[in-house]
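Pasting in a structure now, in structure tokens, and then I'll have a few things to ask.
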Amino acid sequence: MQQQNIWTKLIRVDRRILYLILFLNIAVFLMFPFKMPATITSPARGLYDAVDSLQPNDLVMISSNWSASTMAENQPQLEAIIKHLIRKGARFTLVSNEAQSRDLSKRIAVGVTQSSDNAEYHTYGQKWAHLGFVTDLIAAIRGMGSNLSEAVKQDVEGTPIDQLPVLQGAKSLKDYKMVIDVTPSGTLPYWISYRPPNLIVGYAPTSVMAAEGFTYLDSKQLVGMITGLKGAHEYEQLMGETGLGHKFINAISFSHVLILLFIGLGNLAMIMARRAQGEA
Amino acid sequence: MEWLNDFLPLSLERMGIWIGAICTVALYSILYRENPAYRLFEHLFIGLAAGYSLGPLVGDILYKYWYLPLTEGAWWWAFAVPFGMWLYFIYSEKYGWVSRIVIGVLIGASAGLFFQQFCSLYVPQIYASFKPIIPTGANEGLLASNAINNFIFIVVLLSVLTYFLFSFEQRGPVKRTAVLGRWMLMIALGAIFGNTLMARMALLVGRVYYLLHDWLMQI
Amino acid sequence: MQLALDMSRDGATWMMAAIVVLAFLGMFGLVFLLQMLSTQGRRAIVVAVTFIAGLIFALEFFLPAQPVDGQDKNFLSDPTLQIQNFLQVVAGMALGLGTYGLLRLHLRNVVQKRAQWGYSASLLISLVVMGFLSIWHSLGEKNVEGQPLVATNETAEYIFSVLFNNMIVQMDAAMFSLIAFYIFSAAYRAFRIRSIEATILMATAMIVMIGIVPLGKAISEGIGLPAELPPEYAKEPFSLTAILYSLKLPTMADWILKTLNAPATRAIEFGVAVGGLATAIRLWLSMDRGLGV
Amino acid sequence: MSIQHAQDNWFVAILIAIISLFILFNIFRARKGRALYIRRIAGLDAIDDAIGRATEMGRPILLIPGMTAFGVIAMQSLNIFKYITRESARFATPMRFLTANPTVYTVAQETIQEAYQEAGRPELYEPDSIRFLSDRQFAFASGAAGLMQREKVAANFMFGEFFAESLIFAETGNMVGAIQIAGTVSTTQVPFFVAACDYTIIGEEFYATSAYLSREPVLLGSLVGQDWAKILFASLILFGSLVATFWGTDTPLLGVFGKAGGWDAFFKGEGQ
């Protein structure tokens, strides 16, 4: 009987030990933060430039479809984008395809607008509004594309759409300049497929959805994209702000290192165990 | 012991955070093994989630899309609910087939909608795949390195497409192209894996932050 | 209950109630008529409605459209929007059916005191309480002529928000973050140099993993690779600096994503598109044996 | 610009017409009795082994279409699950079907019942084995993970559209030692299935699955048509890239093939 040497043990390591190591790794790096600058990627710059070239009072639709589970990625993104829109004096409306996202995104928008220096944004409905929750995104986009007040009827506070100051002079999505999809799920294709043609599309996905985004960036169906927390971090850097993004990035970086380390270790163990078997 | 006073669930806000933390820890316990705490919170979770869905169903769908249009005089909307209820015949042996009429309508509609999806989502990607693969005078500013990348792009695209051919035996050059396609597929999958990792770690970081910062108040 | 409340507000809506009742009676009466059909007749009806439903959406797409209010429309554009809303209501009825199935299963567990019935009881209680509060909350949000549709209650709203924000939302996030642990154990187990394919998968994953975090940039620049692309890059794409720059981990990760991942993903998408189109056509024409009558 | 109607670029209508012809023509050919070939798809051959193993161990098999919304993809998943159920019914191996979509749940009731009837074991059909847990992604995932652990499922079949929750199913299944076969059109989830499952069906293979399993002429014919369509795609891309190389990417002719407004620009000289 071959004795259980360290390598065979390592190959069959209890997965619960791996889980504990990962947890501790993240906890340690959250407790002892240090600074590391980001590389600005071209899709992030694309989105930043597109928002930066907006004129005051241009209308932007933010499609916010995320819920608490992707908060770590989507919240820094949404906050950064709203801050930038306020800085440009643009008007914006939010719409959610997720019931939970309606409350969350409204709460965040209230938080960001209240803490901004621009008093115009302090009153809800003046420069921004939340159009509420739509169950079927395709139907909603097509509907809003032809008639906003008919498709959405009332905003999240129950005000009829045509009585909102922020939407004065806007009849449909056609009167918007841009839509930014902040999302953890596959909502982007719907915006690309069913939006009015004049609307440019920006994308703020979680990292996992970004892979699909490259295809649309390449085909110019997307003007720019910020990828997950990293993208939010880049966007913050472009705006010269410091937000939540900075705090989390190190813990993430080193969890990547940890995983690489263990993949290496696993392979080493496999090779060594094979060699030991060959000798025996 | 000031920390203890702040930490204990003595205010409504602290109580909320405690509830959240308990939920999180209970679900995390499945990492150790399946246990009564996990089981209880799993059942609570499903119950709460199923209950929650009824709100949007009544308030957003039935009220907004059924009741409101009705009050605005669109009488034909009255038929939407009973028509949908035909689905409930599914439990009846005798009338079960009636539910298939509703299912048929739903299937037909999703099939019909697929045409637009196909055309607006996928066809433009054909156009987007037209790439100059040799730097000729026809494309100003095209660098040799871009052209090489474009060439690789086209080769990868075509080889992976070849892998997805099903209806004839792959032999000779087709076989070799398909194998290359399979390898390229593995590269793409590896890239997606590596690219996704960050998002997943971000979630865990967010949760650990909640436990350490909001609940234990350690950072 | 809600319906009745509103009715009393406006006498004219009695008319509407009558229409609804008639619609219910009509639709269920129709079932008895349909029941008289032969098997062939039934099949013909299912095939026909499937085809017509698909045809309406297909025609809306294929027929020429004229600009109306800045949006291209044809005579089917508005009806298809209405039909989509209509189908949302229909699909909403399915949620009722799903919830019924869940209730039935767990009620049976509790009533027959099957093993572990306590868990089923906790599920039922949370479902009923949350369902009630959620509907109340959802209707309380709506308002008609400035009046809330249903009067809300502060305590109920508070309990709702605790159940939602402090339980559902937190459990969502907890389950979602479990994936981080699983991704670790899966990578540890699966990423081994076993075959060419496994090795390719592993190598790419590792390069991208480290290339996309700021640390990848720090490592590359730490070993002396250039931070920026040289300005004369356009003239000399193959200069030493340019080549060194392209060896940086972030550059390699980016290159893999754009030049290898993007076309491979696109090829998969083309396959999926064609497969989906073929399935859509077969379903539309009822050629799949899946759902015969 | 996006394509909202066929008129935004008539090429799309022509393309759909051609592909439909390819598919219908080949279905017609197959129905006439022409034998059609289909290449081996690793993983699908393992389905029967997995069912056999479950039978030996006396543990259930689990079918998960995941979050798949009702539509074309869901119908394809149900087709595959119908086949698997039919096979398992022959050996009286119990099955569980878990979905997060109520409409899929409704249709699954019909489909699975039919599968039992076709296998000649209608008495084995149990409505409670088909379960709708929740339409909420992670409530569903927690329920599925719990069920896998408690019932120690022997085989785990995941076919359909998946999102982030894919790995929760796949790793939990791996933990309880189930044989796992996954097939999905969601490209972003394929790597996780590849890492944690025994076999993974990728992309269009998902649509080829029902043809592969049932060898029905209609499906085989359709598959041949799909191949023709892909060859057409590949030829178009080659042709377009050559044109782009020698005449430049701005050549109006290229716009005809899928650029919104490209048709009118080329044939009527508009929009330039």
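Order of writing sets the chain letters: A, B, C and D. Residues in each chain are counted from 1.
Note that in this section contacts are C-beta pairs under 8 Å (C-beta built on N, C-alpha and C of every residue); 3 or more make two chains touch, one makes a residue touch a chain.
None of these values were measured; they are calculated from a predicted model.
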item: Interface ranked first by C-beta contact pairs; value: B-C
item: Longest centre-to-centre distance from chain D, chain (CA-based); value: A
item: Identifier of the chain whose CA centre is least distant from the whole-structure CA centre; value: B
item: Chain centre separation in whole Å, for chain C relative to chain A (CA means); value: 17
item: Centroid distance [mean C-alpha coordinates] between chain C and chain B, Å; value: 6
item: Numbers and ranges of chain C residues touching at least 2 other chains; value: 61-62, 84-85, 88, 91, 94-97, 99, 102, 141-142, 164, 168-173, 175-181, 183, 185, 187, 189, 191, 201-202, 205-206, 209, 212-213, 257-258, 261-262, 265-266, 268-271, 276-277, 280-281, 283, 291
item: Where chain B touches two or more other chains at once, by residue number; value: 27, 30-31, 39, 41, 45-46, 48-50, 52-53, 55-56, 60-61, 64, 87, 90, 100, 103, 106-107, 110-111, 113-116, 118-121, 124-125, 127-129, 154, 157-158, 161, 164, 185, 188-193, 195-198, 200-201, 203-204, 206-207
item: For chain A, residues that touch 2 or more chains besides their own; value: 15, 19, 22-23, 69-71, 135, 138, 192-194, 208, 211-212, 215, 218, 221, 230, 252, 255-256, 259
item: Overall pattern in which the protein chains touch one another (line/ring/star/complete/other); value: complete
item: Residues on chain B engaged by chain D in the complex (per definition of touch); value: 27, 30, 33-34, 38-39, 41-42, 45-46, 48-50, 52-53, 87, 90-91, 96, 99-100, 103, 106-107, 110-111, 114-116, 118-120, 123-134, 136, 138-139, 150, 154, 157-158, 161-162, 164-170, 185, 188-190, 192-193, 196, 200
item: Residue numbers on chain B that touch chain C, as the complex places them; value: 16-17, 19-21, 23-24, 27-28, 30-31, 39-41, 43-67, 69-71, 75, 77-90, 94-95, 97-98, 100-116, 118-119, 121-122, 125, 129, 141, 143-145, 149, 152-154, 156-161, 163-164, 181-198, 200-201, 203-204, 206-207, 210
item: In the complex with chain C, residue positions of chain D that touch it; value: 4-8, 13, 16, 19-20, 23-24, 27, 70, 72-73, 75-76, 78-79, 82, 102-103, 105-107, 110-111, 127-128, 130-133, 135-139, 141-142, 164-165, 167-168, 170-171, 174, 185, 187, 191-192, 194-196, 202-204, 206-208, 216, 218-219, 222-223, 225-226, 229-230, 233
item: Touching residues (chain side chain A, partner chain D) in the complex; value: 15, 69, 184-186, 192-195, 197, 208-209, 211-212, 221
item: Touching residues (chain side chain D, partner chain B) in the complex; value: 2-4, 6, 9, 11-12, 15-16, 36-39, 41, 70-72, 75, 103, 106-107, 109-110, 127, 133-136, 138-140, 142-143, 145-146, 149-150, 164, 187-188, 190-192, 194-195, 202-205, 208, 211, 220, 223-224, 226-227, 230-231, 233-234, 236-238, 240-241, 243-249, 254-255, 257-260, 262
